[in-house]
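Next come two complexes built around chain A: one with chain B, the other with chain C.
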Partner chain A sequence: MYEVVVAINVGIFIILALSVNIITGYVGQPTLGHAAFFGIGAYASAILTGRYGVPFLLALPLSSLISGFIGTLLGLASLRVRDDFLAITTIGINFVVVAIFQYVPYFGASFGLSVCPAYIFGIKMNYIGYLYLTIFLILLIIFFLKKLERSWFGLAMGGIRNDEGAAASIGIDIKKYKIIAFILGTAIAGIAGCIYAHYMTFISSVDFAFLTSITILSMAMVGGSGTIRGPIIGAIFLGLAPEVFRFAMEYRMLIYGALLVLTMRFQPEGLLGERSYLWMTIKKLFRETKDIKEIESGAKDGNS
Partner chain B sequence: MAILKIEKLRKYFGGVKAVDGVSVEVERGEILGVIGPNGAGKTTFFNTICGVYRPDGGKILLQNREIQGLTSFQIARLGIARTFQIVKPFADMIVLDNIISAIGINRYKSIWGSFRNCRTNEAISKAKELLEMVELEGYEQEKAGALSLGYIKRLEIARALGINPKIIMLDEPCAGLSHDAMEEFIQLFKRLTTEGLTIMMVEHNMPTAMALCDRMIVLDYGEKIAEGKPKEIQENEKVIEAYLGKEEENA
Partner chain C sequence: MLLQQIINGIVVGSVYSLTAMGATLVYSILRILDISNAGAYALGAYIGLFSYIATSNLLLSFFIGMLAMGIWGILVQKFLYLPLLGKSPLISLITSIGLFIFLGDFIRLWAGPQMKAFPSDLKLPFSGIKTENLTIVGAWLLVLLITAVLLFTLWYLITKTKIGLAWRATAQDLEIAKAMGINVNVVVAFNFFLGYSFAASAGIMIGILYNYVSPTMGEVPAYKMLAIIVLGGLGNPVGAVVAAMLIGLIETLIGGYIGFFLPRDSIAFIAVILILLIKPQGLFVRKNISS
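Take a look at the complex of A and B:
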């Protein structure tokens, strides 16, 4: 059971890291308040299912929509402020959202909210169920992101990330694509929030505080932002770190922080970024085995 | 008939008159040079036409359609491409994708359409064609940021051509290039105009500008002080004065 719980946790982090990566990795907009949208998804689903009796399978897309809708506002803000100012704005949004959860009685205030268990087709979800659901959603998101990377949308985002002036000079509507990227990223974070709420059965504002935002962002950055494999590996790596270093409980944050600093110093593109040492090695190994296979098959053809 | 007509274009930054009432007509298929001493407002002039800045006055007519006040991406979609004085490649993308992203100019209009696959055979072959034109074949899979300055300039020209423009505005395309590369560029630009493309260019290097341009305008302190064939410009007293300063009476 312990393994399943850890796996679900890591799975939720994978979804979050992939979602923040759309905004920071693909379009290159700094966002340090992503946990706010994780929280909005969680609270939205908790309230929809608990107070309005909305079935879980409907609450899942709805909470994503609500999160994405509020994400639009952040997207609009990103058109006005840039770079470090945007980063600070996103931190501010995170604090505001957490404060609303913490002080508004409708959201349970400082008591938090208990979340009713999820039923799918009348069957109550157990941990294994949540694990399968998480894995299914991760696969769905990866499929979507793969498609996104290969699309004109992907090129538009790449253009904006590299140089907005140049992107505009080839007809890319920067505002439109920035906002959509924010909507996509925040909506996916909302999905993660919904699963988290129902699987934890209890949520409170601290779960979605600034520290969570930093954790999510670190996962994407350490893994290698701008790729799909990076955030996944980053989420697994940093998601498992607290479990692996459980013996060094007091030093957990220290180890975590040190890992971050070391990655940024020596592998700024992330462990599995496009030009990182690890990824280059993997690619080289892959190419070599391929070459050997080709030579072998060539030799066979020659003999026959 | 003029493809691009600029009437009394003005752009002020506070009290600085960067572009002050410049009028010019650009004929289809010609190479129009924009020259002038440092700080004359050449790049601002270009940026105002391209929609980077909103003009404070005057009109810009592209094939008789008023385009002043539109933003960069809209003007690009209408067929005005550009390169940059300080190169702006999509550095972390491969060369091929840099070009394909420009070829997709009409795909960015609809959100749903832009979710389609961009690396179609058609787009790739067109991108390769453009890369061949600027002699960048063989570099398709390189990161654009890893190229040398000269190659990035070529890349920018290919990218600008990728949007299939009517007019291309080149901001110092030859600056920082070797003599041979410059010769190649000159040949390329001449060939492009015979295919119906109109070129406007800022150029600092006088011999290059003289060799390349059909006509020139000279800007000084944001104002147009001369217009004409390179030969005429060379002998224009106002131009000499702007570049070298006024001769003292008793010198």
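Take a look at the complex of A and C:
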């Protein structure tokens, strides 16, 4: 059971890391308040299912829509406020959203909200069910992102990340793509929030504080932002770190902080980023074995 | 009553301005949002407290705390920030957050998770002023005086000395300053020494003002100082002081008069979001934006 709980947690963080990666990795916009949208998804779903009797399967897309809608507003703001200013604005949004959850009675204020259990086709979800649902959604998102990366849309976003001015000069509609990236990223974070709320059965504002935003962004950056494998590996690596270091319970945050500093200092591209040491080694290994095979087959051809 | 609130606001604002000055100085040279500066703020407060317990001399413990954190700042820039220069700013941001988490936990393991307070017989150089409708505690006077002295020293260093000239040149353009024969490494080290020792002095002052230090005391300043340096136009020391005073006053006045359904700390961020949407470059734009 313990393994399943850890796996669901890591799975939710994989979804979150992939979603923040659309904004910071693909379009290169700094966002330090992603947990706010995770929280908006969670609270939306908790309120929709708990107070208005909306079924879980409908609440899932709805909470994603609500989160994405508020994300659109952030996207619009990002057109005006840039770079470091945008980073601070997103931190501010995170604080304000958490403060609203914590102080407005409609959102349960400091007591938090208890969430009713989810039913899919009349069957009550258990942990295994949540695990399958999370894995299914991760696969769906990866499939979608693969499509996205190969499309014009993906190329345009890469162009904006590398050089906004140059991208604009060859006729890429920067505004449109930036806003779409914000919508996609925040909507996917809303999905993660919805699953989190029902699986935890209780949410409070602390779960979505700035520290969570940092954790999500660190996962994408440590793994290697701008790729699909990076955020996944980062979420697994940093998500499992607290469990692996459970024997060193006292020193967990110390180790976590040190891991962040050391990875960023010595491997700024992320562990599996495009030009990282590990990724180059893996590529080289594959290429070498391929080369050797080619040489061998070539030699055979030559001999015969 | 209004006068009292304004004085409260100015005291809070002057501590904010010292807290934010460290990060502002770092930003002005390296364009890094340095959250780990708030780690130096907390660690400096602890070093100040322990040296006060050991020596029972307040000025000496200020000096020890500031010196220790200044040296820490030089080490941080040498081994962490300089090698990351020229990479995406998000990378140094994550590094500084990692360092901040590390320092907070280091303090917890070293000094224990509970709050600590300065001894109750703290020897302050002044007694307070108390009239019929105005109270100024001795600690407030101390805070105002130290802030004034430190800010004046900074102003003198930057505008009147040779290293200040080099600092201004480097802040305008690091590469060109290097090409002009300025020893940029010394300037950056000097800058971090000042920035981190300012953070330490702010931490000690907060420790005296609210009479506690704790491992998590750096968390709120970490975000608030970012809000202040942004409002101050990112890396403009004068702008940062004005922005800090403004936020101190807004918080105290709104908290004291109107009352607000959200906590005090979120007022600063609401103000920042609104101001940034209206003026996306902050209140005080640097004239010499190079990029």
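Note that in this section the second predicted complex is superposed on the first by the 291 of 304 C-alpha atoms of A that agree within 3 Å, B and C clash if a C-alpha of one lies under 4 Å from a C-alpha of the other, contacts with A are read in each partner's own complex, and residues count from 1 in each chain.
Criterion: a contact is a pair of C-beta atoms (placed from the backbone, for glycine too) under 8 Å apart; a residue touches a chain by one contact, two chains touch by 3 or more.
The shown structure was predicted, so the numbers you read here are calculated from the model rather than taken from an experiment.
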Based on the shared chain A superposition, would you classify chain B and chain C as clashing or fitting together?
fit
A:Tyr256 in the overlay: touching chain B, chain C, both, or neither? Say first, second, both or neither.
second
Going by the contact rule set out at the top, does A:Gly53 touch chain B (first), chain C (second), both, or neither?
neither
Three-chain overlay, vertex chain A: chain B-chain C angle, C-alpha, nearest 10 degrees
80
Quick one: is A:Ser169 in contact with chain B, with chain C, with both, or with neither? Answer first, second, both or neither.
first
First, second, both or neither for A:Ile180, with chain B first and chain C second:
first
Tell me which partner A:Phe153 touches in the superposition: chain B (first), chain C (second), both or neither.
first
Just checking: does A:Arg82 make contact with chain B only, chain C only, both, or neither of them? Give me first, second, both or neither.
second
Going by the touch definition up top, name the partner, chain B or chain C, that contacts more of chain A.
C
Of the partners chain B and chain C, which touch A:Glu274 in the superposed model: first, second, both, neither?
first
Once the two complexes are aligned on their shared chain, state how close chain B comes to chain C by Cα atoms, in whole Å.
12
Once bound in the complex, which stretches of chain C touch chain A?
31, 33, 79-80, 83-84, 87-95, 97-106, 109, 223, 226-227, 230, 234, 261-263, 265-266, 269-270, 272-273, 276-277, 280-282
Give the list of chain A residues in touch with chain B in this complex.
147-148, 150-156, 158-159, 161-163, 165-174, 176-177, 180, 226, 274
Of all residues in chain B, those that touch chain A in their complex
50-52, 71-73, 76-77, 81-82, 84, 88-93, 97, 100-102, 104-108, 111, 113-119, 159-160, 162-163
What residues of chain A sit close enough to touch chain C in their complex?
24, 28, 30, 32, 77, 80-85, 87-89, 91-93, 95-96, 99-100, 102-104, 210, 214, 217-218, 221-222, 250-251, 253-254, 256-261, 264-265, 268
